[in-house]
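The data blocks that follow each hold one structure.
The two complexes that follow have subunit A in common; it is paired with subunit B in the first and with subunit C in the second.
The block that comes next holds the complex of A and B.
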């Protein structure tokens, strides 16, 4: 029974990590109407920036973490300036395809610049797990979960209650209408990508703390995809619930169902949930219902 | 586009594929050159041509699904994989002739594609791209985790060579003619599909699905059909691939390969069968150059090792996709058509 509860708690915390990465998707979508397929790539770029500032440049953590976040923000800004500013007002198809192009472009660049070698990642959060009776909870996930919840509450207040957040929401509705209302679409998209890159870097820190870093870590981007869809692409608060549900289901499948069938069903269960949710309720749990006009 | 004042006067002339004598001549020359290719060029180029023809079948399928019907499909490599696995299992376990396994491979891939096409009834745009990505992951999961006696697991399956009347298609030249025959049939079929009632329904749904529905087109069925046809082409291409490589493994059908196919139709031009062929040609040449140049660079930059080809391919193709979307979203074919029509109507502007 203790193990069962422990599995649930760990699963929920991993789910919160997925929520944090998924928050990158949602923030970019919420402020620019661009669905960023290259989210996982942003996570490893963030990871490599953190690795570079700590392990390579030898800065202390207190200096390197803020520096990494700033650098990641600059990378996000550069991507937006080079690729996405030019596509404002273009069709959804162009936007999707550009981010798909970015996905393989960034993957290739990371491989070319850093190579396929496995690198040690700095220990950002204490390695010692937290013991609760017989249960053991990984410290990095616990702190990460708290960061995720704080970020979700903060961002959802920003997007739903403040003036500048609501402006960005208007951009997500329609680029042309938003810009004719005097809202800076460029500014909004730039902000979205900076924020998305920063969130991805925080995700990388939590995910990789004390582990090893290779370009394969970008798979977390696709692991987070079902969470973003389950919550609905416009809802930041909903990510917490969606992440926790998917994390728990995945953890229970991995620990109890996989030994029975002898396969790794746990790794596809999120996608099965995603397919189901796309079929039953395409807008997710808390997404906006769109009304079509001809 | 014809010059102003020149119109087709009958339905037949409107739907004609070969419109001018020059086009007929070009077609005959092109086919003749391809048929004679094994006697004109070396084995290496024949190998490249084989790859190009197989990619052409798959890219033409993707062109129908994405370019004509407007349904974003990032799972074309998975559909191709379903076809390749079907063909190789049928060929290695039951010993069926390739005359049957290739269509059956197409049908099984079409069924798989149709299942994902059904989701298009409810969702659209990039949501659809997400379900096709899910198809990609589910395919991998199924191959790797089902008992390895079924699908070979991570070991893959070895495929016996195609055989007809005691003639074994093992040499590059023999395979070239087999691929040529199938590709010619499939491409001709694609021209037929896109100018038929189905093709016009695809274009209507792509341009505005709500309006198409009001005009009486069954939008959901049309979208599912687009996936069915696209996946059928991918399955046939996959079967050809299985017979060419004589081995199938799950690593040959990843998301990256799907994106490469998307790159082909973007470069060639969306909504044009010839564009898909042009795109296949350009992208395959680029891939071939990288595969040749890459190892030489790898010798000087040793820490990258064998990954440089994969990395370089991703950088170049990713860059190509992004550049085309930003600078020339309609592809090379559009550029060519502009050139052609300004030549025809010269010296008048229209």
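The block that comes next holds the complex of A and C.
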């Protein structure tokens, strides 16, 4: 029974990591209605920035972490300025296609700039797990879970209770209308990309702490996709619940079903949940239902 | 210039020309040129090791051209093709490779090459020589794709039996496998060992078979299952990221179960990804090829020759050894084909026939590989299979055992 509870807790914490990465999807979507296919690539860009500032530049973690977040924000800003700002007012589809191009470009850039070697990622969170009786909780996931909940609460408040957040939502509704109302569309979208890049870098730190860094790490973007769609692409608070549900189901499948079937159903089950929820409720659990008046 | 100095210069040039002419053979030997297509992954999952592996095999071709090739009047040209370790990419590149190079052999890399070309190469009558161990799904008679090593499952079985002997006692060795469904090759590695354990319960007790992602999020829970099951060895023949995640999972559980790795995710690669070889103290790598340890072996000496005289820049490690051994058995087979058929008009079919006609001795591969006797029954030698075992002692890779016998493994 203890191990069963432990598997549920670990699964929930892994789900919260997915939620954090999915938050990048949602932040960008809420400000621009653009689904960023390069979210996983933003995670590895963030990972490489952290690796560079700690392992290459030799900075202490206290210095390298804030510096990495600033640099990641700048990368997000640069991406928006270079690739997306000119598409404001154009169809959302063209912006989405740009993010598909970004996915390929960023992978190539990582290989070109950092090379293909597998690198040791710095140990940001203690490797020693937390022991609660017979239960064992990985420290990086535990701290990561707390960070995710704090980030979700903060961002929910920002988007729902502040003028800037509400302006970003208006931008997502219609670029032209928002612009005519005096809202800076460029500024809102740029801010969303900065935020998305910073969240991805925090996700990279939790995901990769003490492990290895390669561009394969970008796969976490796809792992986070079911969480974002399950929650609904507009709901930051919903990501927490969706992440926890998907994480627990995945953990129980991995630990109890996979040994019976001799396969990896645990890797597939989040996508099965995603497809099921899209069939039943296409806007996700907490996504906005658009009412169109004719 | 005076007339006398002009005459002097003319005389000097004439004398020089005569001297050069006198040293030339009466008939200059015509040079036959043949092409090799090298399938490579510089931007896919094995991009981290590809430059080193490519360096090893290319240095061997340079060495052969300048030594044995020159004697025979044959030059081997080669060209790398980027496959991204993707079967679809290999399949789409192949018609272009064939028309551009008309190669007498393909030098392959891994599972996607096998998956993409296993039906095409028999039609095109071009053999492919791999660097890696073989795959169960490609274990068919009349092959055109060949591996110098048996399947990964043969190698893990050989290692596990050796480990059981080292441990002593009559009980089977409790073993866990960590694999991934990301690639058919990874699944194949696990399936072969599973079948062997099923048929030999007195030797191997397979306590856990775990499938995970190629970059796992966290393996603490899975490693706890492995520890609780009392595993004495953990077989990971997939990639370095999984080794790192498993090691961290074991450390979190306060356990130190020896991990067995293969050549492509071996001790140097996984140690580097973990931040130091010392983290893999007591873990193993096992495969049917020379271990790239510090000891002075014929393989090491040949590597030093390639570095000193043929421009090899890759470090001495298992990946370089893999590239060199691939290059060596490829040129040895071509050498045998030239000896049997002459230097002119060599075809891929002749190269394949030469592979079956004569064993490739361990001396011909400078100790990188055991003596290989291929037969049409399988794409790898079925008899005399051996594995070597390396480990980390005091932070250094050392040879733990050589020539460990591989038992008979049934086809799966």
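Here is the rule we go by: the second predicted complex is superposed on the first by the 291 of 294 C-alpha atoms of A that agree within 3 Å, B and C clash if a C-alpha of one lies under 4 Å from a C-alpha of the other, contacts with A are read in each partner's own complex, and residues count from 1 in each chain.
Everything that follows uses one rule, which is that a residue touches a chain if its C-beta (ideal position, glycine included) is under 8 Å from a C-beta of that chain, and two chains touch if they have at least 3 such contacts.
All figures in this text were calculated on a predicted structure; none of them were measured in a lab.
J.: Looking at the overlay, what does A:173 touch: subunit B (first), subunit C (second), both, or neither?
T.: The answer is neither, since A:173 touches no partner chain.
J.: Quick one: classify A:87 as touching subunit B (first), subunit C (second), both or neither.
T.: It touches subunit B, and subunit C stays clear.
J.: Tell me which partner A:103 touches in the superposition: subunit B (first), subunit C (second), both or neither.
T.: First partner only, subunit B.
J.: Looking at A:279, would you say it contacts subunit B, subunit C, both, or neither? Reply first, second, both or neither.
T.: First partner only, subunit B.
J.: Can A:116 be said to touch subunit B (first), subunit C (second), both, or neither?
T.: Both partners.
J.: By the touch definition above, which subunit A residues appear in both interfaces, subunit B in one complex and subunit C in the other?
T.: 108, 111, 116-117, 263-264, 267
J.: Can you list the subunit B residues touching subunit A in their complex?
T.: 70, 72, 74, 119, 122-123, 125-127, 129-131, 133-134, 137-138, 141, 144-146, 208, 210-211, 214, 256, 259, 262-263, 266, 303-305, 307-308, 310-322, 325-326, 329
J.: Along subunit A, where are the residues that touch subunit C in the complex?
T.: For this pair, the touching residues of subunit A are 3, 6-7, 10, 14, 17, 108, 111, 116-120, 127-129, 136, 138, 140-141, 207, 210-212, 214, 216-217, 219-220, 223, 251, 254-255, 258-259, 262-264, 266-267.
J.: Which subunit C residues qualify as touching subunit A in the complex?
T.: Interface residues on subunit C, with respect to subunit A: 42-43, 45, 47-48, 50-51, 180-181, 194, 208-215, 217-218, 220-222, 224-225, 239-241, 244-245, 248, 251-253, 269, 272-275.
J.: Sort out for me which residues of subunit A touch subunit B in the complex.
T.: Listed in rising order, the residues are 35, 37, 83, 86-87, 90, 92-94, 96-98, 100-109, 111-112, 115-117, 222, 225, 229, 263-265, 267-268, 271-272, 274-275, 278-279, 282, 292, 294.
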